[in-house]
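Lettered A, B, C and D in written order, each chain numbered from 1.
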Amino acid sequence: MIYFKNDYIEGCAEEILNELNKTNFEKSVGYGEDEYTKKAIGLIKKEIGNSEVDVHFLVGGTQTNLCAISILKPYEAVICVDSGHINVHECGAIEHSGHAIRTIENINGKIDIKKLVELLDNTSSFHMVKPKMVYISNSTELGTIYSKKELIKLREVCDKYNLYLYIDGARLGSALTSKSNDLTLKDINRYADMFYIGGTKNGALFGEALVISNPEIKPYFKYIMKQNGAILAKGRLLGIQFKQLFTDNLFYRLAKHENEVALKLKEVFIKHGIKFYIESDTNQQFVYFPKEKYLKIEDKVVCEIQKEEGEYYIVRFVTSFSSKFEDVEAFDAILTQLD
Amino acid sequence: MIYFKNDYIEGCAEEILNELNKTNFEKSVGYGEDEYTKKAIGLIKKEIGNSEVDVHFLVGGTQTNLCAISILKPYEAVICVDSGHINVHECGAIEHSGHAIRTIENINGKIDIKKLVELLDNTSSFHMVKPKMVYISNSTELGTIYSKKELIKLREVCDKYNLYLYIDGARLGSALTSKSNDLTLKDINRYADMFYIGGTKNGALFGEALVISNPEIKPYFKYIMKQNGAILAKGRLLGIQFKQLFTDNLFYRLAKHENEVALKLKEVFIKHGIKFYIESDTNQQFVYFPKEKYLKIEDKVVCEIQKEEGEYYIVRFVTSFSSKFEDVEAFDAILTQLD
Amino acid sequence: MIYFKNDYIEGCAEEILNELNKTNFEKSVGYGEDEYTKKAIGLIKKEIGNSEVDVHFLVGGTQTNLCAISILKPYEAVICVDSGHINVHECGAIEHSGHAIRTIENINGKIDIKKLVELLDNTSSFHMVKPKMVYISNSTELGTIYSKKELIKLREVCDKYNLYLYIDGARLGSALTSKSNDLTLKDINRYADMFYIGGTKNGALFGEALVISNPEIKPYFKYIMKQNGAILAKGRLLGIQFKQLFTDNLFYRLAKHENEVALKLKEVFIKHGIKFYIESDTNQQFVYFPKEKYLKIEDKVVCEIQKEEGEYYIVRFVTSFSSKFEDVEAFDAILTQLD
Amino acid sequence: MIYFKNDYIEGCAEEILNELNKTNFEKSVGYGEDEYTKKAIGLIKKEIGNSEVDVHFLVGGTQTNLCAISILKPYEAVICVDSGHINVHECGAIEHSGHAIRTIENINGKIDIKKLVELLDNTSSFHMVKPKMVYISNSTELGTIYSKKELIKLREVCDKYNLYLYIDGARLGSALTSKSNDLTLKDINRYADMFYIGGTKNGALFGEALVISNPEIKPYFKYIMKQNGAILAKGRLLGIQFKQLFTDNLFYRLAKHENEVALKLKEVFIKHGIKFYIESDTNQQFVYFPKEKYLKIEDKVVCEIQKEEGEYYIVRFVTSFSSKFEDVEAFDAILTQLD
């Protein structure tokens, strides 16, 4: 069986596993106040070139988004594209926490500045919820990425309308190591008020590092985490993992590998005449897969049907830190047999 | 000054005011357990021909929607059109109470069955919020109304997908007395699990009567009201008003008057070549008003610009229980001067 | 039947009713942006001698408390006595809005500074909810009142611990006109960050005036109201009532009357050897009523059993703006027959 | 340094670590739908002798309590002792999720039936929040445990008042293997509607197994978890850990070891004349530690001051799966030097 289903099908990278083993019987304080966590925070601050940010480690993406967006006042809303993870795949977590999401139609998974400004200009008075945060993902749900130019433009709109910019970085590693990327982690921190660096989908067992640079958002964030059940008792597990991710560029190396396997996969799709649903250089690839053909491979390849359009399934293929080039070659062979 | 701004610009109908005066110094128990409230409940039950329903009186529309939708479980969502009052004009009240709203593009302010079914069929698994209620308004935000056939169809979909149907009746009086209407209050109750009869916009000082027929929703509703600050200490004020509204058909008479003035207004628009933004037979009329012309009347007529399209403003004119035919004649005269 | 059950058994004071009648058919804008509301706000600002405060009108007490406490951040708690209205009689409205209530054992319905400081000193770290507001009522649930000295002391503690002081003034009129009172409305505003002036229990049909002096709390409060369904469409109804209450000292006159009838009632209790459960000079009187005796009056007098202690019921008698001295005399006569 | 600070100072038991290593590079589906999770659920069902229960794995205790209590309706409250974890140490998580907690004074950390019944009998009408769940911990926050007789009595009260009984089993292992215990996991499941088996404090890296037997509570629980960010992407990590805990009695063996070290510690306290604050046979020991003496050991022993009483600190000592008898001996030696 070949797996291209998602980027959380295995455990963690070897470098992380080794460190978890090595430190298992050490004693330390709980709730993220241990030395490993401090070290990991230091490494992240160094990587983004800013020692003033606050860094918090959380267990998963929905939990991180939920806590991050909880900094809003009750009448403040977050804006995102209709395809945004918080809008579709978090079982109403944001609304459940009391905040409305106002959506804009996505363009290739990304937010369109013109539509954003239009929404903002059509908002007024206490009858309508007050937009206060823009949420984007990089890479997006469709595998696309934001350019530096786009991010700067978005920042300008946020400044003009007094909005926070929050970046969901569940797949930030893949975005930043994509061949078409021109952003650095420093840039992400510069233009966002808050963002997170995804570990779960980038070779950690679990864990996301939330980075807060806007001083308005910083105070008492640990309280928000605690009351959402988001502080791990053995917090050092998160510290250890992120310490490893930011040692010897492991974070980037794992992500880059994902992308390289994905590019190889793209070549295979092209070779076999399978059209792309969207152009992506990151670890998520979306293609028009002829239904008939799909039925012949589904017992050999694990991937995910998103929806159907006529004779095609739109299918998502995802590579992970543990994907192998051999998997792509085997996939190629399977398709060759069908041609 | 001529007022067509909204349907809550005056106090209440004379019949109601008189009764409030007459009963002012009577002593009674609080929180809606008085005799007037019981009498009003009896009259409403009689009018809808069902003695098994629960009837609760609340102060305003947003409050009523908020309480009604609070019967959902935390992970259950309400579906409505993008133009729905709960989605646009309640400052995120529903989301603040913890529930997601999933929206469908409106067709003339109404919900489209095909789009509804599509949304329902594309929902599954715990990653997505679970649709459990359909919210519609009758008349809608655009003054349009549902036909009996449409309501039956909607009920069928709700039955099939195990959804509650909730009807916001802020302007139910105007809908039910509209010349194109084929529904009765009995029908509304038959096809909805819960609905409210609007008093505020139909000649009361304030007040909405929420009618619950589905036994699943009934238990402990007063608790929901109380914890949302929605139980009036001097609850009899609501009882007295609704008792009057359902005595001698006052509710329908006031609504019918609104519609008649609105139809007269329509004739004036037609006479002066002002095009309709949408076709409505209820007390809200939306027209394309030439901007230039509008600037010349805005110090004489109070109405509400909704948005602009090229050389036009989309303007809403609303008639109320207290609107006079003379107001329409005066408006006609103003327009004649401009022709 | 003689009524001492509560202070919301009748409609409203004649001066208010007349004004509601007089203005009923005037046209005005909705949602509290009308001229009457502005006038009422001006009169209240004048009365408290501070033109910088924000004044909002709401419909009822639970609603007002709910909105007021909603200004807290999600992890912030409100402190009150165990007998506090928000802790016992609002059906969990505050917790439902997301905020914990931390309670202190009451001393005669009032908060004890020593216990408050003890609670505050034993609070720390993100494991515990963060106290940020102290809630008191004046008069309290037991009819007692705060002295100026007590209020100043409480303010000092709030300042030291960086807490908001919020005063529930459902019966503020009765407190401020009590013979043992040494506070003015100016004082209330000076020492509290936010408080409300109760109308419902002081001769209005309904309505509470929330006064916010702390600039941190002011912004966007209307949004909080709207999303809690707490903005009345015909907002002028509140403006008209409070305009009347603060014209010719009506607010104080009505309250003073309540207290005078209550003092008369006290004399009757003393005369008949009925002991007080608590010493109160306001419109709520709590007495130990011999059970046997109570059973003989309960078909003639409407009052409220709070609990039982051995051979006694603890019974609450409440006077209102509409209570009559004749009622007290009749009550006296009933008791005399039993002696 | 000797550690008796808490039971989450190390990683996990060797048997668990080995299995995590062994399975790390296996591929599996996410979100707890993998084979390891299924196997773990099967083992737990077998252990409690009931195949009809639902079992869900969550990451931590606060998260589990938060999700479990979220099954209540908005106006339903949970009852617990004043010292309950949800009342004191979860940063208002339960209230933040919208539910009030009604507290009863604890007796040795446990709920007193008489006080419980008193609270229930004094609750009525929509003005008060509706009690619907009793929350207890076993072992309690003070290390005490419930007897079978006590649990049966509590169940009877819950049945009579139609309440759910929910048991927080963060330290259930220690309770069930305590020498004074007469309950089994089967009993816990029989008398509770829902309970959790704590992994974090019993030798797992993290993880709690929530067991739901009441069919009213079962439906859609995964949705509640998802919207609280409580579903781990690599869910198998929880499955693997609990599979190990319920293989070869590891869960009980680890807990029993904790207790044995704790009993050894008790002997040391007795030997050195240190009095117990409370009598406990589980892994938490609370003693009156002379302040002067404490200052002399605090650089050698890590434990936790709870509060002070005169010349004493009330200090908590906690043993864990990884505590060693040598640690107790070393502690004994330190105290001997001070005698």
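Methods note: a contact is a pair of C-beta atoms (placed from the backbone, for glycine too) under 8 Å apart; a residue touches a chain by one contact, two chains touch by 3 or more.
Predicted, not measured: the structure shown is a model, and the values here were computed from it.
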Reference subunit A; chain at largest CA-centroid distance:
C
More contacts between chains, B-C or A-C:
B-C
Based only on mean CA positions, could you tell me how far subunit A sits from subunit C in angstrom?
51
Interchain centroid distance [CA atoms averaged], subunit A/subunit B, Å:
42
Separation of the C-alpha centres, subunit B versus subunit C, in whole Å, is 34
Can you list every residue of subunit A that touches 2 or more other chains, as numbers and ranges?
74-75, 90-92, 96, 98, 126-127, 129-130, 223, 226-227, 231
Which part of subunit B faces subunit D closely enough to touch in the complex?
70, 73-75, 98, 126-127, 129-130, 220, 222-227, 231
Sites on subunit C touched by subunit D in the complex
74-75, 77, 88-92, 94-101, 122, 126-130, 307
List of subunit D residues in touch with subunit A within their complex
1, 3, 5-6, 8-12, 17, 20-21, 23-30, 59-67, 90-93, 96, 200-201, 205-206, 223, 226-234, 237, 322
